[in-house]
Structures are given as structure tokens and as C-alpha cells.
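The following blocks contain the structures, represented as C-alpha cells.
One chain, chain A, links the two complexes that follow: it is found with chain B in the first and with chain C in the second.
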Partner chain A sequence: MSDAKLLVGPFNRVEGDLEIRLELSGGRVARAEANSPLFRGFERILLGKRPEDALTITPRICGICSISQSMAAALALADLAGARMPPEAMRAAAILHGVENLCDHLTHFYLFFMPDFARAGYAGREWHGQMAERFTAAEGSGLRAAVEARARLFHIVGLLGGKWPHTLAIQPGGVTRAPTRRDRIRMQADLRQSRAFLERALFGAPLEAFAALETPAQYAGWETGDAGLFLRAAADLDLSALGRGPGRFLSWGAYPLPGGRAWAAGLWDGTARAADPGLVAEDLSHAWMLGATAHPMTGETLPDEEMRETAYSWCKAPRYGGQAVETGALARQAVAGHPLARALAAEPGVTARIGGRLLEIARLQILLEEQVAALRPEARFMDRVALPAEGEGQGLVEAARGALGHWIRVEKGRIAGYQIIAPTTWNFSPRDSDGTPGPVEAALVGAPVAEGEEVPLAVQHVVRSFDPCMNCTVH
Partner chain B sequence: MNILWLQAAGCGGCTMSLLCAESPGVFDLFEGAGLDFLWHPTFSEATGAEVRRLLERVEDGRQPLDILCVEGAVLTGPRGTGRYQMLAGTGRPLLDWVRSLAPRAAHVVAVGTCATYGGVSSAGENLTEAMGLQYEGHHRGGILGEGFRDPSGLPVVNVAGCPTHPDWVTETLMLLAEGALGADALDPLGRPRFYADTLIHHGCPKNEFYEYKASAEHLSEIGCMMEHLGCIGTQAVGDCNIRGWNGGESCTRAGYPCIACTAPEFEEPGHGFAETPKFAGIPVGLPTDMPKAWFMALASLSKAATPARVAKNAVSDRIAVPPSLRKPRG
Partner chain C sequence: MSQIETFYDVMRRQGITRRSFMKYCSLTAAALGLAPSYVPKIAHAMETKPRTPVIWVHGLECTCCSESFIRSAHPLAKDVVLSMISLDYDDTLMAAAGHQAEAALEETIEKYKGNYILAVEGNPPLNEDGMFCIVGGKPFVEQLRHAAKDAKAIISWGACASYGCVQAAKPNPTRATPVHKVITDKPIIKVPGCPPIAEVMTGVITYMLTFDRLPELDRQGRPAMFYGQRIHDKCYRRPHFDAGQFVEQWDDENARKGYCLYKMGCKGPTTYNACSTVRWNEGVSFPIQSGHGCIGCSEDGFWDQGSFYDRVTDLTQFGVEANADRVGMAAAGVVGAGVAAHAAISALKAAQRKTQSKNEDA
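Up next is the complex of A and B:
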């Protein structure tokens, strides 16, 4: 194929608005720009409001990771107040949050990512018939079963949080509903149903068997369930070589529990390192934003109404120690020390990213079962927290898609600064002032584009393998 | 009937909620009701150029459109251009697309409080100049104008809620498909009356506490949240406590106040979401249709009559005192 440009948008089956601009050379992507074409201004909406208003407003940044936003806001306010939830409230909040993350992974795999393999462009591949039966958009048998399993699993969020999305149940001092013994066994029943779906449909085997995989070869050799079907196609299409990210992974650590975070925080680049939020800065050189590179505690959100020619996205470019990093389930599991995730992180392409998510589905279901079993209904679930009129706080959590941070500054009892860095802000950041592309922009380089392909399949696999949430990105 | 669904400036949560439809699941339900998606950004196969061609065909009339659903507020900023949201790949503001496509549709449905009235997307200084399809907060107008009517004479159908309950959306679409949603089926704010003719208070498990004004003083206590914790379930429309969410639950069932997310301007209450504004110690907002003098008289009387059980439970985080058992007869 001769050199050409290609515009892919509206890019669907991602959360929110995304446009990808490609420059092609020799039948491959030579350069990519990820554009978030929507500006929402939540950081501005929050200015001047009461700090506790963030608990109502920030979940509404995102309809798919609403509880992650709740958690980040509650932890930021708790940090501001120097408070901590009582132990069992931490557990209840972790259950709420974990269920959302598990449901998000199911939504990604069944609704967003897999339907591309059922496309007519793959007709004739030995696996295509089975893919079409399981995953055809809105129709596949696997997809429909997963949507129903997800809806049932959300009953746990109903029970503890009233509704999904947009609960107000998670507060800096704990959770608003003290679960009863009856609630606990009800949640166990819901989780048994969830496990049955995962073992029957997704893995075709006990979850523990998948969670025990240690090497990429063992993973690639997994044959059963929808996971096995994906791996057959992935091997055929060589998806492990496609969409390689920067190889540097960040996680803020998932699920604060009485004994610490269930999955540790850190940075993984082949070596485990501590994660220092002080090293985060947002670069605005290619974003339609005004101002200088800044740490989120001092950063501002000043949209460039002129939408200057030298920029191309409403997304800021967060960097960790000046470098682009990838975040998500693979990052979380690698940082947490799982051997399969660490091995896959060394070959960080499409197959690895999906592997990180599948691994986390298995491990998260098990973690949720443990936490519900450990929940003590007789305990206290809320402490009173008085928010100071002046101060700062940060709330760092892991959404399904990766590292999420809220940074709040309060003056005279009102919000004077509120900055949010969402997972997709990391993964779909535009270039920085050094011209270094964001993770997905780099990962797209080299993706094959066949003659006449308007919406290249390889590009879709790479973009969707990150599970972008553009709503969060452009808060 | 076919449906085209566009996402404007919102969180996508109304779609995420829609996917929680149960018995039947959302895809079985639509298929059974003969509702077919031309395109939906979250679950349709088509992407990029395929979608652009579809939108062009709808715009020039080659593809008839039955129902246009818009989720999210429409951004008219900066300075009226709508360029804060360009529909990806098209080089045109979403504002422009919605204004162009709405007159092509047999019906237009605004899904969620952002699309109906502006909602959280229009909160604060509203830098993005966000508004609803036919309202800007309480004010009629919006991006389509007060006079907009579909070919059948209906205004924009406002399925308000933040998020919307999955059934509010599916039932609205099924009623439209059946031709059973006339102008008389909408309330004065354009909301379907099948869920807007009831109050969140109806079916609230805190009703006994409400009867005696036995109030929770802090979040996590199980008493009524009207007096101290900002709950306006007695003034907010919706059937959350009748129908139930995610397996039968609701905000008040989970121990936090109703913030009237089905109403215009709920996002700017003028006080904390979980605190009740008071004048001389008396809550400012009255239950819907309740004369003030009677409310005051009944409240003081019922407060004085509060059984010890109800008073104690109201400030506990779980039932501390169970109801007394009736004595057996004879």
C-alpha cells in the first residue's frame, strides 16, 4: 500500500468518544494520533463546591467505572481529613469496587473486544464460525449470556450500594449500609452463580487452574472455554507481537483492606519498583489545554478554546518520572507479582493485555469470595469524619482499566483545586513536549493495514485491547 | 422499529445501566419487541467509515429513522460552536449532527438527565455550555427549541434519571414501538408518566420512620433522611422504591438520600447533597402536595408520639429493637 492517511472514527465499542488518525507506510501504521474529541470539564465543575460534593459529582464522570471514581473521591477526602474507614467498611467498599471491576472486565471481553473476531473480514479462518456463534455483536450466544451474568452479579452492588452506576454509599468514613448476615449469604449465592458462569463459559475449567498458570506458553496452550477460543485466534493472527506497549507498567494498588492493599502498588519494568505519586506530572504540549506541565496537586484545567493547530486532543499527557507508562489489569497483576503477568509484561502486546485481564477475572472472583466470607456483619461500618476547611488530599485506586487518582485542594471549606488522572488518560495520552507518543499511539505503530481496509482490524484489536474509557479521559 | 443511539456529553452510564435489564436481558428484550439498532456506540459492530456512511444515509433520507436516542448533554461551547464535542471522524460538532438528524426521526428520546435537562454535565459554571435537547435546566428551549415536535406531535421524550433505570428506557421504547405513548403519557417536563406519576417516597422502607419523623442524624443510621440528611424522596418523581434497582434495591434502601436525579437542576441543590436546608430548625422543602401548616402540626404531633423502638432504631445502623409480637388471643 502506498503512503496514505486514514481516519478512524467514530471508534465504537469503547466507552466514549475516540478518533484515531493514522499515517500508513508500506502497508503498516507508521504514526498514530489518539484524539479525544470531547471536553467535559469536571475539574472545573468541582471548583468552589463543598469537598463532599465530589462524592456525588465525580462518580458521574464515568458510567462504567463509577465506583472507582467514588472510591478515589472518598479516599481523597479521608486523606484530607486524616481519617481511615473502619476495617469492615474497607472490606464492604472493596466488595462494591471489586464487583464493578469484575463486571467491567466481562463487558470488555464479551461486548467490546471479542466481536471483532466475528467480523466478515475473518470469514474462512478455522475459528470464525465458532466466533460468530459466540460473539457476533449484540447477537452472539456467549455475549448475551455474559450480559445477563453481569446484570446478576451487579445485584451485589444493589445490595450494598443501592444501584449501579452512581452510588453514594461509599463515604470517607465508611459505607452507608451495614450489611446483615442475610446480605452476606445472599452475596455468596450471587458469587457462586458468577463462578459457575466463568467456569462454564469463559474458562471451561476451574478458576484456580487458570490463576495457577505461570508461563506464556502455558497460557497460549489454554484450550477450553471462550478464553481458549480467543487464544486459538490470537495464535493464528500472531496477536502477541501486535500492539506492543512501552513495557513500563504502573499500578496504584488495588483494594485497600484492613491488612493493606490486596494487590500492591508499584511500577514494573522488568524490575519491581515503588510507585511515587510525587513523580506524576501532566504535560499539555499536545492537548488543547493552557498552562504549564504540573503535578496534579497544583495543576489546572484551562481549555484552549481556539483548539490550536499544534495540539490534537482534549486529553492531557500524564507522565511518570517523565515517561509514558501503561496501566490496566496486566500492569496491576505484574506489579502485584503474579508470575504469568510478569512474564507477559515482557511481551506486552494484545495477547498479553487480554491475558492480564483474564487472569484478573479469575483472581478477582476468588478474592471477592474470600472477602465476602470474611465480612463480619456485627462490626461498625461507618465512622464520623469531619473535613477540615483547609488542606489537601489524594485518593489513589485501581479502576478496571488501571491507575486512577484524585487530588483535592481545599481552601476556606471549598474546593480550590481538583485534578483527576484516569487510566485512559495514561494509556491514550497524546504526545508530550519531547514528542514521545502515548502508549496506544506507540503500540499502533507497525500494525498491518491491508489494501482497501477502511477500519483496519489490527488497529481495532490494538485499541480495544487497552479497554479505553474516553469518558474518564476527558473528564 | 429502528433506533439510532448517539452519545453526547455524558458518562455513558445510562447505557451501562440499560445493559443491567433483566427478565428478559436487554438484547432478548429488544429482539422480542422488534426494536432493531441501526447503530449503538457501545455494542454495535460497525465502526469508523461504516458508521459515517450510515449517518449520511440517515441525514439525506435514504435510511428512514424511527427513533433517535440521545444520551448525554449537548455541548454548545465554546461560544456557541459546539466544538467541545466533535463527532469523531466526521469533523462536525455533535450539536450539528443532533440538530440535523432529529427532524428525520419519527420520535426523539432524550436518555438520562444530561440529555433531558443538562444534568451534571451542565453543573457549576457550565464552561462547556451544556444543555438538554429541549430544556436548559427548568427552562424550555435546549438545542432543539421549545417548539420542536416529532411528526406524530410529540415533544422530545425525556427519560430523566441519573442514571436511567433500564426499564424506564426499554418500556419507553416498547411503548413508542406500539404507538402507545401519546402526549398525555408525558408529564409537564416531558417524562413518561408510567414512572413519573409516583414519588421515590412510595415504597421507601423508611416509611415508618417518616411517619414519626424519627430521623437519622448521620449517614449509616437507618432512620428517615428527610429531616437532616438531604433526602427529597417525598418530592422526587420516580418508582425506584416500587420497581427496585439491580435486584430490587434503591438509594434509600442503601442508606443514602434521594437527590431527585430525575429532576431538572438536581445537580445544583444549593446545599450539600446529604444535608437538609432548614429555616428556624424546620426543613425548608415540604413533601409534595402537603399544606405547610398541616405538615408542621402533624410532624410535631407524630414526633411526640414516636414509639421507643422507632426512635432507637432511627439512630442505629441496623435494627436494634425488633417490633413487639402481638399477644395471642384469649
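Up next is the complex of A and C:
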């Protein structure tokens, strides 16, 4: 194919709106620009509000990871007040948050990512018939089963949080509902059904067997369940070489528990390093935003209504120590030290990203079972927290898609600054002032685009392997 | 009648059995509060009427309405409803992407001109010529106007489409505007809530598909069958309100005992929705049951009434309506006075008991 430009989008089956502008050369992507065409201005809406209102407003940034937002807001307020949830409340909050993340991974795999393999473009491949039966959008047998399994898992959020999406139960001082023994039994029943679904449909084997994989070769050799079906197609299409990211992975650490975070925070680039939130800055050179590069505690959100020519997205470009980093399940598991994730992080393509997520599904189900079993209904689930009239706080959590941070500044009892950096802001960031592309923009370079292919399948796979949540990206 | 298939045809094609179909009709009748005699009527309508196509579009939003919808209560209801609408256009669930998707939208509009229902999730931001929400290279408001032109009726899903929701909170940076302020020449049914309850969504859509008309609406345009009562009317904590027993702090003993959350800012007394009866996540619970007050997310302007934790006192924005909402407006005063009255009565009763026990002692 000769040199050309191609605009891919709107992407469906993602949360929110996304457009990617591609420049092609010799049948491959030579340059990519990711644009988030949706802006709502949450960071501006929060200004002047009472700090505790962030607990209600920020979850509404996103209908799929609303507990992650709620958790980040609660931790930011707790940090502002110098408070900490009582131990059992941490556990209850971790269960709420973990269930949402687990459900997000299932949604991604079954509803958003896999249906692309059922497309007509792949007819004739030995695995296509099976894919079509399992994953045809909105109809496949796998999709239906996953939606049902997910709805059952959300009973747990219903029990602890009253409703999902937009749960209100997580507060800086703890959770508003003290679970009862009966709740614990019901949650265990829901988790048993979830395990049964995962072992029957997704892995076709005990979770522990998948969680024990150590090398990419063992992973590539996994044959059973929908995971095995994916790996067959992935090997056929050489997806491990497709969509290589920057190879630097950030995680704020997942699930604060009484003994520390279940999965540690840090940076992984072949070596484990500590993560310092002080090194985060948002670059605005290619965003329709006004202002200088700034740390989120001092940053502002001033949309450039002229939509200047040199910019192309509403998304700011967050950088860690000046560098673009990838975030998500693979990052989280690699930083946490899982041998398979660390090995896959050295070849950070589509297959590796899906591997990180599958691995986390298995490990998260096990973690949830342990936490529900450890929950002590007689304990305290809420402490009193008095928010100061002046101060700062940061709340760092791991959403399903990766590192999420809230930074709040309070003056005279009102919000004077509120900045949010969501996982997809990291992954789908535009270029920075050095011209360094964001992780997805870099990962797309080299993706093949066949002659006349208007919706290039390779591009779909790469973009979806990051599980974009555009609602969160620009809020 | 060979042109468009019936609902029943579609369901059969999706592998839904006759038995499941009849069960679905009963469930629907029950969900809509109809007598059992309606079951055969629903079944008959679905067997004979051509399927009503649904186009589902997304504006400025967070997708929470779709999220709520696809985990609708009964898996059967979800399957049936999804099978009815997924064939047309929905950009969160459909297979097509990019230009194919845009083409699918055009084709659906063209094919079912004047016959389809347009379901809108989210709303159009109007500032800067709509550039804050671009779909397929054009402002969402244009897609909305275009798709609405030939629609039979419009469903405004959720607080965003119905009223604006938190993204329209002061200073409303993008001028997020509810659907009925942009489309003024079509029947619009509002299904507010952030998000609406899944059962309410499937109930409304099934009613419209089955009976081919809008359900009875209140004066704010909400289906009366689901928005006819206040959360407070059917709240399981109501006896504590009546007894003057309130949670005063998140961490107090009363919170643990499940007392009334009115003093923690619960908006149940002024909020019309089905949360306390239908509940959430397949009837498991609802916010008040989880120990947090209602924030009133199915009411217009809930996002700009001071803090979400302020006590209900002067919600002047409510009360547009004659019956239900007049009560809503009055409720502010009534609740305030009511609390005092209840406290007084409780005190009186306590005093009486004391007197009584004294008498018995004597």
C-alpha cells in the first residue's frame, strides 16, 4: 500500500469515544495519533465544592470503573485528613474494588477484545468457526455466559455497596456497611459461582494451574478454555510481536490491606524500582489545554477553546520522570513480581498484555476468596474523620486498566484544586514537548494495514489490548 | 406482513424457547405491575407485531446506563431485550467499528424511517459548537438531531439525557444540555437515575415495544409506574424515621443498627424512584441498605443542591408536578417539621411509659 492517511474511529465496544489518526507507509503504520474527542470538565466542576462531594462526583466520570474512582477519592480525602481506614474496612473496600476490577477484565476479554477475532476478515483460519460461535458481538455463547457470570459477581458489590455502578459506600473513614455473617456466606457463594465459570469457560482448568505459569513458553502452550482459543489465534497471527509498548511499567500498587498493599507499587523496566508520585508531571504541548507542564497537585484544567493546530487531543500527556510509561494488569503483575508477568514484560505486545490480564483474573479470584474468608463481621468498619479546612491529599489506586491517581487541594473548606490521572490517560496520552509519543501511539507503529482495509484488524487488536476507557482518560 | 419480523421470530432465532418466552411475558407483566390476565396479551402482541427497531446512541456520558442495562435482573429479560435491540445500532455492544458502524446507523434510520425508537444515553454539550463530544468527526448534537428526525419516540436514559447530571454541574464547562432542550418535536420519555435501575430500563423498553405506545408519564415525563413513589415511602428504614431514630455520625452505634439516614443527608424523602422496592443488582440491595443516604439521582438538579451530605431542607427545584412532585416540594418543610414532631412524640411516649411504669411500681 502506498503512503496514505487513515482515520480509524469511532471505536465501538470501548467505554467512551476514541479516534486514531494513522499515517501509513509501505502497508504499515508509520505514525499514530490518539485523540479523545470527549471532554466534560470534571476537574473544573469540582472546584469550589465541599471536599466530601468528590466521593459522589468523581465516580460518575466512568460507569465501568466507578469504584476505582470512588476508592481514589476516599484515599485522597483520608490522606488530606491524615486518617486511615480501620483494618477490616480496608478489607471490605478491597473486596468491593477487587470485584469491580475482576468484572472489568471479564468484560474486556469477552465483550470488547475477543469479538474482533470473529470478524469475517478472519474467515478461513482454522480457529475462526469456534471464535464465531463463542465471540460474535452481542450474540456469541461466551459473551452471554460472561455477562451472566459478571452480573452474579456484582451481587457482592450490591451487598457491600448498595448499588453498582456508582457505589457510595466507600468513605475516607471506612465503609458505610458493616457486613454480617450472612453477607459473608452469600459472598462466598457468589465467588464459588465465579470460580466455576472461570475454570469451566475461561481457563478450562484450575485457576491455580494458570497462576502457577512461569514462562512465556508455558503460557503460549496453554490449550484449554477460551484462553487457549485466544492463544491459538495469537500464535497464528503472531500477536506477541504486534503492539510493543515502551517496556516501562508503572503500578501504584493494588488493594491496600491491613498488612500493606496486596500487590506492591513500583516501576518495572527489567529492574524493579520504587515508584515516586513526586516524579509525575502532565505535559500539555499536544493537548487542547492551556498552562505549563505541572505536577498534578499544582496542575490546572483550562481547555483551549481555540483548539490550536499543534495539538490534537483533549488528553493531557502524563509522564513519569519525563518518560512515557505503560500501565495495566501486565504492569501490576510485573511490578508485583510474578515471574510470568516479568517475562512477558520483556516482550510487551498484544499477547503479553492479554496474558497479564488473564493471570490477574486467576490471582484476583483467589485473593478475593481469601479476603472474604478473612473478613470479621464483628470488627469496626468506620472511624470518624474530620476533614481539615486547608491541606492537600493524594489517593493512589489501581483500577482494572492501571494506575489511577487523585490529587486534591483544599482551601477554606472548599476544593481549590482537583486533578485526576487515569490509566488510559497514561496509555493513550498524546505526544509530549519532546515529540515522544504516548504508549499506544508508539505501540501502533509497524502494525500491518492491508490494501483497502478501512478498519485494520491489527490496529483494533493493538488498541483494544490496552483496554481503553476513554471516559476516564479525559474527564 | 413479510417486511419486518416479529419479536417472537427474533427470539426464536436467538434460541429462546417457547417456555422461556412465556416466562418472559409473565415476568414483564409482573414488572410492569399488570394483572396476570395481561400475560396472554403481551404474548399475543409479541407474536404478531413487527419488531420495533431501537437505535441506541451515546453522547456526553459515562456509559453507566449501558452497564446497568446489560446486567438486568433476570438473565432471560436481558437476553430477550438484547436480542430485540442489538440488531440495530448500539455503539457499546455492536460488532461493527468505524465507518461500518456509521453506515449501519444510516441504514437503520433509512430502513425504519418514522418507526424506530431512539434511545439516548448521555447528552449533547453545546458550548463551542458542540466540539466537546465528537462522534465520527461530527459533534454529537448533530448525530442526535439527525437520528431524532425520523424517530417515532425518544427514550432519555439516565440523569444525563434527562436532566444533565453531574457533568452539567456548575459551572457546566461544556454546557451539557438535556435531550428535551435540543429535540422539541418528538415524544420523549425520561428514565432518570444515575444510572437507572436495570429492571426499570428493561421494563420501560419492553412496555414500549410490546404495547407500541409510551407508558403513562408523570408531569416530568417519567414513567409513573416506576417513579410514582418516593424512596422514603417504601424505605425499610422508615420505621426508624417515624420513631425519631437517626444516624448522627458515620461511625456511631446508630449507623451499625441501621437507623434512618435522614440526618446524614439522605434525599429519600424528596426522591421519586423505585430503588427501595425494586432494588439493585438483581434485587440485592440499594444505597440506603448499604448505610449511605440516597443522593436523589433521579431528580432534576440533584447535583447542584449544596453538598450531597446536606440535610434536605429547601429543594426548590423540585415540585414541577401536580400530585407526586407537589408532595416533593412540600416534603422539605414536612420533613423538617416531621422530624421535630416525631422527636416530640417519641419523647411524649417515653414520658408516658415512665409514668406508666411509675404507676406500676406504685
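Quick note on the criterion: the second predicted complex is superposed on the first by the 475 of 475 C-alpha atoms of A that agree within 3 Å, B and C clash if a C-alpha of one lies under 4 Å from a C-alpha of the other, contacts with A are read in each partner's own complex, and residues count from 1 in each chain.
Convention: a residue touches a chain if its C-beta (ideal position, glycine included) is under 8 Å from a C-beta of that chain, and two chains touch if they have at least 3 such contacts.
Remember, it's a predicted structure, so these values are computed and weren't measured experimentally.
Visitor: Quick check on the superposition: with chain A as the shared anchor, is it clash or fit for chain B versus chain C?
Guide: Chain B/chain C on chain A - steric clash.
Visitor: Per the contact definition in the header, classify A:D3: touching chain B only (first), chain C only (second), both, or neither.
Guide: The answer is neither, since A:D3 touches no partner chain.
Visitor: Classify the contacts of A:E451 with the two partner chains as first (chain B alone), second (chain C alone), both, or neither.
Guide: neither
Visitor: Quick check on the superposed pair: does A:E148 touch chain B, chain C, both, or neither? Answer first, second, both or neither.
Guide: Both partners, chain B and chain C.
Visitor: In the overlay, answer first, second, both or neither for which of chain B and chain C A:E126 touches.
Guide: neither
Visitor: Considering only touches as defined above, state whether A:T180 meets chain B (first), chain C (second), both or neither.
Guide: It touches chain B, and chain C stays clear.
Visitor: Regarding the shared-chain residue A:Q171, is it in contact with chain B (first), chain C (second), both, or neither?
Guide: both
Visitor: Could you give the residue numbers on chain A that contact chain B in one complex and chain C in the other?
Guide: Overlap of chain B and chain C footprints on chain A: residues 7-13, 15-17, 19, 37-41, 44-45, 48-50, 52-53, 55-57, 60-64, 66, 111, 115, 118-119, 136-139, 144, 147-148, 150-151, 154-155, 157-169, 171, 173-178, 303, 305, 307, 380, 382, 384, 454-455, 460, 471.
Visitor: Note which residues of chain C are touching chain A in the complex, please.
Guide: Within the complex, chain C contacts chain A at residues 14, 58, 60-68, 70-71, 75, 78-79, 82, 86, 90-102, 125, 128, 131-137, 165-167, 169-174, 176, 194-195, 249-251, 255-256, 275, 279-282, 284-292, 295, 297, 303, 307-309.
Visitor: In the complex, go through chain A and note every residue touching chain B.
Guide: 7-13, 15-19, 35, 37-41, 44-50, 52-53, 55-57, 60-64, 66, 107, 111-112, 115, 118-119, 136-139, 143-144, 147-148, 150-152, 154-155, 157-169, 171, 173-178, 180, 303, 305, 307, 380-382, 384, 454-455, 460, 471
Visitor: Which of the residues in chain A end up touching chain C in this complex?
Guide: Checking each residue of chain A against chain C gives 7-13, 15-17, 19, 37-42, 44-45, 48-50, 52-53, 55-57, 60-64, 66, 111, 115, 118-119, 136-139, 144, 147-148, 150-151, 154-155, 157-169, 171, 173-178, 303, 305, 307, 314, 380, 382-384, 454-455, 460, 471.
Visitor: In the complex formed with chain A, which residues of chain B make contact?
Guide: 7, 9-17, 19-22, 25-28, 37, 39-52, 75, 77-79, 83-90, 120-121, 123-125, 127-128, 162-163, 218-220, 240, 244-257, 259, 261, 267, 272-274, 317-318
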